[in-house]
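Below is one structure, written out as C-alpha cells; the observations come after it.
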Amino acid sequence: MQLGMIGLGRMGANMARRLTRGDHQCVVYDLHPDAVKAAVHPGAVGASSLQDLVSQLKAPRVLWLMLPAAVVDENLALLVPLLEAGDIVIDGGNSYYHDDIRRGAELKAKQIHYVDVGTSGGVAGFDRGYCLMIGGETETVQHLAPIFKTLAPGADAATPTSGRNKSGSSAEQGYLHCGPQGAGHFVKMVHNGIEYGIMGAYAEGLNILRHANVGKQKSVADAETTPLRHPEHYQYDLDLPEITELWRRGSVIGSWLLDLTAGALLKDPTLENYAGHVSDSGEGRWTINAAVDEAVPVPILSAALFSRFSSRGEDEFSNKVLSAMRQGFGGHVEKPAKPD
Amino acid sequence: MQLGMIGLGRMGANMARRLTRGDHQCVVYDLHPDAVKAAVHPGAVGASSLQDLVSQLKAPRVLWLMLPAAVVDENLALLVPLLEAGDIVIDGGNSYYHDDIRRGAELKAKQIHYVDVGTSGGVAGFDRGYCLMIGGETETVQHLAPIFKTLAPGADAATPTSGRNKSGSSAEQGYLHCGPQGAGHFVKMVHNGIEYGIMGAYAEGLNILRHANVGKQKSVADAETTPLRHPEHYQYDLDLPEITELWRRGSVIGSWLLDLTAGALLKDPTLENYAGHVSDSGEGRWTINAAVDEAVPVPILSAALFSRFSSRGEDEFSNKVLSAMRQGFGGHVEKPAKPD
Amino acid sequence: MQLGMIGLGRMGANMARRLTRGDHQCVVYDLHPDAVKAAVHPGAVGASSLQDLVSQLKAPRVLWLMLPAAVVDENLALLVPLLEAGDIVIDGGNSYYHDDIRRGAELKAKQIHYVDVGTSGGVAGFDRGYCLMIGGETETVQHLAPIFKTLAPGADAATPTSGRNKSGSSAEQGYLHCGPQGAGHFVKMVHNGIEYGIMGAYAEGLNILRHANVGKQKSVADAETTPLRHPEHYQYDLDLPEITELWRRGSVIGSWLLDLTAGALLKDPTLENYAGHVSDSGEGRWTINAAVDEAVPVPILSAALFSRFSSRGEDEFSNKVLSAMRQGFGGHVEKPAKPD
Amino acid sequence: MQLGMIGLGRMGANMARRLTRGDHQCVVYDLHPDAVKAAVHPGAVGASSLQDLVSQLKAPRVLWLMLPAAVVDENLALLVPLLEAGDIVIDGGNSYYHDDIRRGAELKAKQIHYVDVGTSGGVAGFDRGYCLMIGGETETVQHLAPIFKTLAPGADAATPTSGRNKSGSSAEQGYLHCGPQGAGHFVKMVHNGIEYGIMGAYAEGLNILRHANVGKQKSVADAETTPLRHPEHYQYDLDLPEITELWRRGSVIGSWLLDLTAGALLKDPTLENYAGHVSDSGEGRWTINAAVDEAVPVPILSAALFSRFSSRGEDEFSNKVLSAMRQGFGGHVEKPAKPD
C-alpha cells in the first residue's frame, strides 16, 4: 500500500523504513527538511510540505501521523482541509484517547476516517517490529491490515501460547483492533502505565541490592538518625551488572526491560552518567486518571508515577512542610542530606 | 515522689521541671555537666555522675532515662550495677519495644523493675503535659502513678468523650498502662507511625495548593514533557498561611499538627529556610516492620516513611535506573530538573 | 441578611438554623416537602417550590444551594431563569471546581453572581460552626460577609497562633476568600484529600494495634504461609478505646478526627456493626487528578483513596490476575481467606 | 557428581530429574514415602530416611534441601549429626538470609560447608532451567559448579547482551556466586520483591482495562457516590486474552510473566475460578524489611505486598475505622459493596 508518514523523529523514520522493506510505498514529511532528507530511501520519497505530501498520494489516501501528542491537533488543522472524503488519518503517536474520540467525530463529519494506533517498540522497533494497539471503525482497520501486518513483529516474535489454535488472531502477529476510536490509545495508555510500574519495580529492587553493604559504613548515634540494628546483615557488595545478566535466564522476572537494564549496567555499573531526573510523557498520568474514574485501585502504578515526579524535585515543598512541622513539635533541626 | 532523671536534652529537662512543679523531688544527671547545671532548680538537685545520682536517691529508687534510643543499653550497662533489688528503671525515650522485652527479662533476674514509657508531647510538653503510653508490671506501674499523673496533661486537656462515665480511667488523664513490658513503646511506635502519615497528608495537600497556579507558567511541547491540558484550571495563587489558619476552625482536619503548620507558614510562607531533608527516628520504620509481621496493609504509613527517605536523596540510584531504561528502549535523554 | 436555602439534608437544615440563631432570615426549600416542614422554625419560613422561594426573597437575592454535587446543574437550570441581574447564587456543596469556573462564566453573562463555598464541619457544624473556603468576585464575597461570619466558628474556636497580630483576617474567624471562582471548592477539595490521608493514617495504625496479639495464634507451616519469626513480639492485647482516649491528651496526633474515633471505639470496640465498605465522594478523586496535572507527588493521598476503592472490592480482578500468575509459574493454589 | 535431594515437592523432584538428565547421580528423599517413590527414576535412587540418604552418599557429601523455609531448621537438626567434616549442605529453598548467616557459622564450627541458593524458575524449571543465585565460600561454590551448570538454563536461554565479551561469566549461563553466605538468598529475596511489583503492575493495568466499560453502567446520584463525569469515555469492552497475547510481541512490557498471564486469560477470560486471595511467601516481606533497614524507598514493592495482604481481608478493621469516622463527622451510613 501507499502511505504518507508525517513526523520523522525516532519512531516515524524507522517505521517508514520497515514499511518499505515490506514493499509498501511511503511519502515522508517532517517540518524539518533535514529530517525529510535523511528519511528518503528506495521506496520512500520526500515531501516538501503537507500539500506536497497529499498531492503525491493516491485517493483514498492513508496518512500516518507520528508526532508528539501536544502538536497533533495543530497539524490536523493544517492537514484535514487538504484531504477528501474517504481518506484515512492515523494517529500513531501517544495521544490522549479523549482526543481520539473527539477527532473521530470531527473527521467523520467530513467523511474522513480516523484511526488511533498505540505503538510500542521504541527505537528497537525497526528490527523487532512494533506492537500495534488499534482503535477505529472495523472496515477501515481491515483495509489497513497490510500496513499493520508489516509493522508488527509477526508470530515468531514470541513462543506460541499453549491452547491457541492458530485461529488467525492478529494479536498473534502483534497487532490488534481493540475497539472503536480511542480504544487503541486507551490500551496503549494502560500499557505505558504498566510499563512505569514494572520499571519502578526493577529500579527499587536494584536500589536495595546496591545498598546491601550499608552495614560497612560507620553509623552515627543521635536523636535524628535511626541506628542500623544489625550491621552484620548488610555486608554484601553485590555486582549489579552480573546479577541483572543472571536474571535474564530462567528467572520469573525475565523481560525485555531487564535485558535493557543489564545492558545499561554493563556499560556503567554505577550509572553515574545519569542524573536521575525521570520524565513522564502523559500515558502514565492518564492511566491514573482512568483508574480514578473507574474506581480501580492502582497503588503500584500511581507510586511509579509519583516517584518520577519526586525524582524531578516536585516533592520539595512537601518535604519542607515536614521539616517545619518537626521543628515545631520536637525542636528537630534538619541534618544535611546524605551523599549517595 | 523522688525521681532521678538521666538525660537532660529537649525532653528530660522539661519533664523534670514539670515534676518539681507538681511537688516531686528530682535528682538530675546528664553526661554534659553544663546540661546538669542548667537543669538544677528548686526541687531538682544535680548529680555529677551516675554513682552520685544513685547515692542521692532513696531505695526503692526510681530512675527515668530520657536518652536517644541508640545509647540506652550502654547507659544501662553502667547504671544497673549501681542499683539494688526493688529499684525501678524507666525508659521514657523512643526505644524499640523488642529491647524493652529483652531488658525487662534481664533486669527481672536482678529483681529490678523495668518500665517502658512512650512519651509524646515534644518541646511543648512542659506546658501541655506529656501523653504517656506505659508498659510493665501492674504493681510497679501503679506505684509510679503519682509521677505519671503529674507528667500527663490531665482531664481538662480535651473535651470529655460522650458516653464516658468518669470511671477514673487514667487514659482520661493522659496516661495509660497499655500492657506488659514493651507495650508502652509498641503503642508509642504506632503513634509515631500514624504521626508520619498525618504529617505527610498535610504536606502533600499543601504542595498541591502551592502549585495551583501552574497554569500561569509557560509550557513546553516536546516528547519529554506532558503538556497541561487545561491551564485555565490552575490559575490560583493561594495564601497558605491564611488557609492553614482557616482550617484550624471548624474543619474536619483540625489538629495540633495543623496548628504548628499554620504557625510555621505564618513566619515563612515559602519555608525557604528549610532544605526539606526529613529525618526519621526509628518508630516509623519499626511500625512498618510490625505491620509486615502482622500482615496488616499500611500503604499510607509506608508511603510517609518512604517519602522521607526520598527527601534525603535515597531514591537516587533507583531514578538513575529508570533514566537508563528509558534511554535504552526509547532513546530518551534526560531533561534538567525543574527548579521549584 | 435574608437568604434562601435550597437543600435541607444533613448540612443545609443545620446551617439555616445557625443563620437564624445569628439573626438572619431564611427561606428554606427542598424537593421533599417533609424536609421543608421539618426545617421551618422562627426566622425560617418554608417555600413550596423554587418559584415560591424566589418570590419570598427581596432582590438582590441570596440563594445558597446545599445539594449533592451530581444534582447542582439540574437545579441551577430550574433556578436561574427565575432570577434577575444582581442576584447571588452560592454553591455550598461539594462541587468540582471545574464546574464553578464554567458556571461562574455562564451566570456572569446573565449578570448573576456565582460564589463557591467549600463547607467543612459535618453534622457537628451547628454547634461548632462551619469552616468556609470561598471563591468568587471580591465585591460579592464582601457583601456576604455577615452570612459567612455567622456560619463560621469564630475566633474562639482555636487558640491564637503565636505571631498573629489580630489583623482582622477572616481566616481567624473561620472563613476565607481564597480566590476567584472555583478557588473555594479547590481548597475544599484538597482539604478533603488531606482528610482521607489523615483518616487512613489512624485506621492503619489502629489495625496494627489490633493485631498486636498475632503471636498468640497458632501458625501454619506450608509453602503458602509466611511463618511469624518472633511470636514473642506479638503478645499484646491492646485496649483501643482506652488508647485512642489517651492520645487525645498531649500527644502529637491529637485531632478532631481522633476525638470521633475514640467515641466510636468506646461504643463498639470491635466496630462489628460496620462492614468496612468505605465510600468516597469526589473530592478525594479530584485531589489526585489535580496533583497529577500539577506533577505533585501524592503517594499518601492516593493510597488513602485506593484503599477505599479496595474496601469496596474494586481490587477483585487485580487479585485474581495475581492468583492466576502464581498458579502459572509456581503451581500455587489459593488458600481460603483468613477470617478476621 | 552425586547429590542427595531432600524435599520432593514441586521444585525438588523436577530438579533431581534435570540433574540426572545431565548425568549426575541423585539420591532422593522426602518425609512422604509416596513422594520418594514417584521421584525415583534412572539415575535417581530413593532413600527411606535421612540416615539411609546419608549412607548412600560418598563423602564429601552434597546435600540439597528443597523445603519450605519454615521447616529447614528442624530438618537440619536431624541431618547435621549424620554428616561429617567436609560435607556440603545446600539450602535451595526460600530461606531468610539471616538464617543462612547463622547456619553458616554454626556449620562452620563442625567443618561442614553451607551454601545458600536462591532458585527461580518455578514449575517450568525442568524445561527452562533454574536461575541460581548463590551465597557461600568461594571454594565450595566452585566445587559445585557442575551441579549449578546443569540446573541453570544455559547461555542460549537469552539473547547475548551487547558488549559482553564471552568472558565466561557464569551469569551468562544462568547461575552466579553473589557473595558470602546469605548473599544468594538476599539476591533471591529482592528478586521476589521485584516479582511482586511486576505482577502487581500487570494486575492493576488489566483491572483498568476490564473496567473500561463502566460508562455503560447506570449510575446513581447520591451524596455517597461519585458520579462518573464522562461516561462517554468508558464505553470499551476490551478483550483481555487478545490484548495480553498482543503485548507479547514487540511491546516494551513483554516478559515471561506476561506470557503466563496471556495463557491464563486464554483459558478463563474472567478468571472466575480464582477467589483472589493472594498468598505471600516471605521474600516480599523481607524485601521491605531490608529496604527499611537500608533507608531505601520502595513505594512500589511495598504497595505490591500490601495489596496481597488486603486481598486476604487484612484491611478489614482499618476499613471499619474509616466507616466509623465517616459516620462520626458526616453522618454517613455505609452502602453495600458493589458486586464485581
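Annotations
Chains here go by letter, A, B, C and D, matching the order in which they are written, and residues are numbered from 1 within each.
We take it that a contact is a pair of C-beta atoms (placed from the backbone, for glycine too) under 8 Å apart; a residue touches a chain by one contact, two chains touch by 3 or more.
Chain by chain, the UniProt names read as follows: A, B, C, D = 6-phosphogluconate dehydrogenase.
In this text the structure is predicted, and so the values were computed from the model without any measurement.
Minimum number of contact steps separating chain B from chain D: 1. When the interfaces B-C and A-C are ranked by C-beta pairs in contact, the top one is B-C.
When each chain is reduced to the average of its Cα atoms, D sits farthest from chain C.
Distance between chain centres (mean CA atoms), chain A to chain B: 43 Å. Chain geometry summary: the mean Cα position of chain B and that of chain C are 28 Å apart. As a whole-number value, the distance joining the C-alpha centres of chain A and chain C reads 37 Å. Looking at chain D, residues 122, 200, 202, 204, 207, 211, 226, 229, 252, 256-257, 263, 280, 285, 293, 295-299, 303, 306-307, 310, 312, 314-315, 318, 329 sit in touch with two or more other chains. Of all the residues in chain B, the ones that touch chain C in their complex are 97-98, 101, 120-122, 125, 128-131, 133, 152-155, 157-159, 161-164, 169, 171-176, 178-180, 182-183, 186-187, 190-198, 200-202, 204-205, 207-209, 211-212, 214, 226, 228-230, 232-239, 242-243, 245-259, 262-263, 266-267, 287, 290-291, 293-301, 303-304, 306-307. Looking at the complex, you find that chain D touches chain B at residues 252, 280, 285, 288-289, 292-293, 295-299, 302-303, 305-307, 309-310, 312, 314-315, 318, 329.
Of all the residues in chain C, the ones that touch chain D in their complex are 9-10, 68-71, 96, 122-124, 199-200, 202-204, 206-207, 210-211, 221-227, 229, 256-257, 260-261, 263-265, 268, 271-272, 274-282, 285, 299, 303, 307-308, 310-332, 334-340.
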